[in-house]
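Read through the structures below before going on.
Presented sequentially are two complexes of subunit A, the first with subunit B as partner and the second with subunit C.
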Partner chain A sequence: MALLGRAILLLDLGVCLYGIVASVYGARSRRQDWVDSGRRAVYALAALSVIAFVLLEVAFVRNEFAFKVVAQTSSTTIPLFYKLTAPWSSQQGSLLLWVTLSSVWSTLALYLTQRRLRDIAPYATAVLLGMDGFFVSLASFAANPFQTVPAASAPADGAGLDPLLMHPSMMFHPPMLYTGYTLMAIPFAFAIAALITGKLGPEWIRDTRRFALAAWMCLGFGIILGARWSYTELGWGGYWGWDAVENAALMPWIVCTAFIHSIQIQEKRGMLKVWNVSLVMLFGTLSIFGTFLVRSGVLDSIHAFGASTLGVPFVALLMVMVLTAVGLVIWRRDQLRSEHRLDSLISREAMFLLQNLILVALTFVIFWVTLFPLISQALTGTSVSVGPPAFTPFVVPLALLLMLITGIGPLISWRRATVANLRKQFVYPVGFAVLVTLLVLTLTDAGRKPLAVMMFAFGSFVIGTVAQEFIRGTAARRALTRDFWPVALAALVRRNRRRYGGYIAHLGFAVMLIGVAASSSFQHVRQATLRPGQSVSNDGYVFHYVRPTESVGPERISFGAILNVTKNGHQVVRLHTMQSFYRATNAADGFIGQFFDGNNADSTIGLDAGPLRDIWSVASADTGPLLPLINRGNKVFADEYNAIVTQVKKLPPAEQEAAYNAALAKSNFWNARSLAVNEIAGQYLKHSYPVVFQFIVSPLVTWLWGGALIIFLGGLTSLIPPGLLARRRSPALEPARVAVRELA
Partner chain B sequence: MAYVILLLLLLAVVWLVSAPLRRGAGRNSAGLGSPPAAPDAMRRIDLEAARDAKLREIRDTELDHQTGKLSDEDFAAIDSTLRAEAVDLLHQLDALPEAAEPVDDA
Partner chain C sequence: MDPNRKRAIRLTVALSAALLLASALIYVSFSAGRDELTASQLLTKARPGGQYILAGTVEDGSVRRVGNRLDFSILSKDRRVAVAVAYTGQVPDPFAQGRAVMVNVTDRGGKFVGQPNSLTTKCPSKYQAASGALKNTAGVPAGPAVVNS
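And then the complex of A and B:
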């Protein structure tokens, strides 16, 4: 199976090279048969990569520890679900996942555009295959997932999966991020192809816009899943730490957000062509840059794969991408001139432009601060670490401005607006924002955090704007059709999916940032060391440590705590939080100590999530009091084991293995060890050891997840092809089409 | 066994990617086309995309007017400009020779 996997990767590489040559030759010689053959190379690459990935999954499921990657990231004791997710926890497996996803999305894009973009598609095919070929090369020669050791020297069990990665969102978080990244390659490839061919009309934009939107949705969903993982698994109570790898995913998402907006100006007015093509280049390059950060180990991150030799090839690829993009844009600058100018600074176009500038500024700030440790290292030789305080002074004002523009933009018409119309549009959303702000200031103590109050005000303004848009749009529809409100609303959204899908996304954005502002500004954190029966209060809630819990399973040993939470004497919730220790492979831990290694542990939080506040708790079990027992157990079992090994070594080599197994079985060695581990773990219940707790009460965290879902729903509304929602072919354009025909 | 599977995969890949070459060696497609046809085809595609965008813009402007974002005077001016631009696009499309049906080889 390993041989087959390695051979498929080499075949993949051959297919990539052939596809590039066939596509470019076909385009230059105008031979459609060669172009089609090149496109089919992408189909073949996808099929082969899927087969290779399935082979790797099978190796994980069958515990084939002769595969190095399986031995390093899996074990016999981890559940099947996590065996299936383990391939992308390693550098090697995730490279193969990248190639698989990229080739599948490329296949989809080229299949959907095979009847169109005929001049552009061959070059886009070559670019996509070039990028895939790069990743296939890495997977073949630098980090091969099918690398094996001889069967005789394969370990009986693997090192296991990092406990922090054993979280349900790991099934979807990395694949969604990679889907976002790889989908971004499609607009990038078509943009490069459009620049090469000089076919810079509106068609390539129209046909690749959906892929940009899909990339934006998937990457955004992946980012949110990562935030959820951080909140519920990492045990620090936060969802965003401005980690280098988190930022690396956020930057292309922000630039893609800018593109999704500004592309409308090019479609409607033929403006911002250089800007739009630059944004495509930027998010395409940033998606590779994010991969470089994850895989090179140049920056410390909990999400990175650690130090590797892949940094240099990635830097080379990034340089090629940047230089090619800049060179092509300069070469085609005459064809990228705007067809129109802004009619007015008070217009939807102007708002989009301003929003784009804010988004790009935000990306620049995040890029600069993220890379500051590297820049500092290069210039001064001293590495500095940056955390959230380095980002917030820049990010918070820009986020506030962005929220304000998100509210203003939809209220202004395309091309121009008059003062009377503006007054009519702004009065209700502004009134709603003022009302909400006054209520917040009156009913809560939020006034002590003015920036958060501003975010609530601007967020309410956006919500008011979106509500007004839906109400007025539905009313206008009803005036024409006399439909019932729900029917008119559904028809309005169906006929204007991009506009109202966008408004839904704006609503989600406002809800999400209100949640972020509230939970980060008004969070109450308390750390306490408690014994069973003791209590501590935090933000009016009393946390009572009821009793410890303990469980020993084949996979892990868990020490936990049952907590009772009350407020003003009333029961609120009962929480169970625990810390789990997974068997370590470090021999220095000893026969017993390897079950209690704090470096191989994770936390299960106790969480009560509600619409207005989350109560979050985590326990850090102190195994210190168990240490004398663990050390004694280590010594007893090491002595017994060494005695057996000494006896066995006296025998002829051919008899040693059988004798070794027989002696261990005779002394009931492994069962005795299991009993000892159980007995030591059981001491945790018998003694009232103190436990270090962290308790957090945060308002509106649920709004963050809810807002993200609303954004996703908005994206989906915009993305759905017209045929799925329309009653007949393109009804949305029919009235205008008829009207124009009448004029013609 | 692995060698047999690999050989089958190799044959399948060769069969898949060489199919267009086997079917029509040296054939020019309607899509890429001979040099005189290609600019017209491209022009038509671009004009159709521009027409669709213009029709969408007309409808968006109508919606802006209906929801009170545009005054009657501004709407009348913008709408007539947009419709004139749309008519111009339709005239340009009509002036192009009839498009040949693109050949689908994949």
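And then the complex of A and C:
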């Protein structure tokens, strides 16, 4: 199976090379048969990559520990669900996943455009195959997932998956991110091809816009899944830490957000052509830059990501991408001139442009601060640590400005707004925002955080804008059709999916940033060391440590705590938080200690999520008091084991294995060890050991997740092909419909 | 107004704004950034009462919990020098021996005390095998899993 996998990867490389040659030759010689053959090479690459990935999955499911990657990241005891996710926890497997996803999306894009973009598609095919070929080369020669050890030296069991990666998000978070990254290659490839051929009309944008939108949606959803994972799994109570790996995903997403807005100006008014093609180049390059940061280990600090040898090839790829993109844009600058000029600064185009500038500025800030440790090292020779204090002075005002523009943009007319237009459009959204802000200031103590209050005000303004657009649109539709409100609303969205999908996404954005502002500004954190029966209060809530819990399972031993939370004497919720210790294979831990190794532990938080506030708790179990028992157990079992081994070694080699197994069985060694582990773990319940708790009360965290879901829904609404939502219309009734329209 | 003049003004305003943002960014990066010290640099530079950021790898076998205090040592890059840290506060789940960590420490007369809740660890999802997973297991066979009795 490993041999087959390695052969497929080499075949993949051959297919890529052939496809590039066939596509370019076909395009230059105008031989459609070669162009078609190049396109089919992408289909073949997708089929082969899927087979290779399935082979790898099978190796994980069947515990084939002769595969190095399986031995390093899986074991016999991890559940099937996590065996299926383990391939992308490794460098090797994740490269194969990248190739598989990229080739599948490339196949889809080229299949859908095979009858259009005939001049552009061959070069796009060559670019896509070139990028796929790069990743196939890495998977073949630098990080091969099908690398094996001789069967005789294969371990009996694998090292297992990092406990922190055993989370349901592992199934969706990395594949969603990779889907986003790989989908971004499609507009990038078509943009390069359009520049090469000089066919810079609206066609390539129209045909690849959906891929940009899908990339934006998937990458955004992947980022949010990561934030949720961090909030519920990593035991620190936050969802965003400005970690370089988070930033690496955020940057292309922000640039893609700018693109899916500014593209409308090019479509409507033939403006911003250089800008749009530059944005495509930028998010395409940033998607590779992100994976370079993650895999290269270039940042030698707290933000380093597993040293590897992949940095140099990635730098080479990035340089090729940047130089090609810049060179092509300069070469084609005459054809990229705008057809119109900006008529007024008070117009929708100007708002789009301003929004784009803010988004690009935001990207630049994140890029600069993320790389600042490297820049500082190069300039001063000293490594510098930068965290949230370096981001927030820029990100907060830019986010506020962005929110304001998000509210203003849809209210202003194209080309030039009049005073009458502004008055008519702004009255209700501004009134709504003022009302909400006054209510917030009156009913809460939010006034002490003016920036958060501004975000509430601007967010309310956006919600008011979106509501007004939906109400006015639905009313206009009702006036035409006399439909009921819900029917008219559904028809309105169906007929203008892109516009109203965008409004839904704006609504989600406002809800999400209100949640971010509230939860980051008004969070209450309290740490306490408690024994059973003791209590502590945080933001008016009393956390009472009721009793400890303990459980021993085949995968882990868990020590937890039952907490009772009350407010003003009334019961609020009962929480269960625990820390689980996964079995380690470190020889130094001993026969008993391997079950209590703090290096292989993770936390399960106790969470009560509500629409207005989250109560979050985590316990750090202290196994220190168990240490004397663990050490004693280690000694007893090591002595017993060594005695058995000493006896066995006196026998002829041929008899040793049978004698060894018989001796262990006779002494009931493993059952005794199991009893000892249970007994030691049970001590946790018998004694009132103190536990270190962290309690967090945060307002509106749920709004963050809810807002993200609304954004996703908005993206989906814009993305759905017209045919899926169009109501079947009888041709016989068309004359009647025309008559109704004319009468109306 | 002459369209060319209008364009020139807009360009000047945009470039000035960009320049302003860039200058502010450079200033804030340098002022908000704090030097990270390795274990050997810390031992050279530390003065009683001084606060520093210590970065490095947690030494194998150095992690001990004493009540609600966590004691561990951080190794220098060449792994020759280790600095012992006494830390209280929140410990992120990814913290483990052999992992890259960063902690704010105060020099208390030669002893380094970690500032509460300042311990951060490397993101775990970066293509590394589970902690301790690849170490030598010779001498101690794993044996079967334990079950609840």
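Couple of notes before you dig in:
Just so it is clear, the second predicted complex is superposed on the first by the 708 of 744 C-alpha atoms of A that agree within 3 Å, B and C clash if a C-alpha of one lies under 4 Å from a C-alpha of the other, contacts with A are read in each partner's own complex, and residues count from 1 in each chain.
The rule we apply is simple: contacts are C-beta pairs under 8 Å (C-beta built on N, C-alpha and C of every residue); 3 or more make two chains touch, one makes a residue touch a chain.
Values in this document were obtained by computation on a predicted structure and should not be read as measured data.
Applying the stated contact rule after C-alpha superposition, one finds that A:583 touches subunit C and leaves subunit B untouched. Of the two partner chains placed by the overlay, only subunit B lies in contact with A:40; subunit C stays clear of it. Of the two partner chains, subunit B is the only one that A:472 touches; subunit C does not reach it. Within the superposed three-chain model, A:160 lies in touch with subunit C and out of touch with subunit B [touch as defined at top]. Contact with subunit B, but none with subunit C, is seen for A:118 once the two complexes are overlaid on the shared chain. In the superposition on chain A, no contact is made by A:519 with either subunit B or subunit C. Once chain A of one complex is fitted onto chain A of the other, the partner contacts of A:1 are limited to subunit B, with no touch recorded for subunit C. The partner that reaches more residues of subunit A, of the two candidates subunit B and subunit C, is C.
Residue contacts after overlaying the shared chain place A:276 against neither subunit B nor subunit C.
No residue of subunit A lies in contact with both subunit B in one complex and subunit C in the other.
Interface residues of subunit A facing subunit C in the complex, by the touch rule stated above, are 72-73, 77, 89-91, 94, 157, 159-165, 174, 233-236, 241, 243, 245, 294-295, 301-306, 308, 341, 357, 361, 364-365, 368-369, 372-373, 375-376, 382-386, 389-390, 393-394, 527, 529, 551-555, 557, 582-591, 594-595, 597-603, 620, 622-624, 638, 641, 669-670, 673-675, 677-678, 690, 692, 694. Looking at the complex, you find that subunit A touches subunit B at residues 1, 3-4, 7-8, 11, 15, 18-19, 22, 26-27, 30-37, 39-41, 43-44, 48, 51, 111, 114-116, 118-119, 199, 201-203, 205-206, 267-268, 411-418, 420-421, 424-425, 469, 472-473, 476, 479, 496, 499, 732-733, 735-737, 739-741, 743-744.
By the touch criterion stated above, subunit C contacts subunit A in their complex at residues 3, 14, 18, 21, 24-25, 28-30, 32-36, 53, 55, 61, 63-68, 89-94, 96-98, 100-102, 116-117, 120-140, 142-149. Looking at the complex, you find that subunit B touches subunit A at residues 2, 5-6, 9-10, 12-13, 16-21, 23-29, 31-35, 38, 41-42, 45-46, 49-50, 52-71, 74, 78, 83-84, 86-87, 90-91, 102-106.
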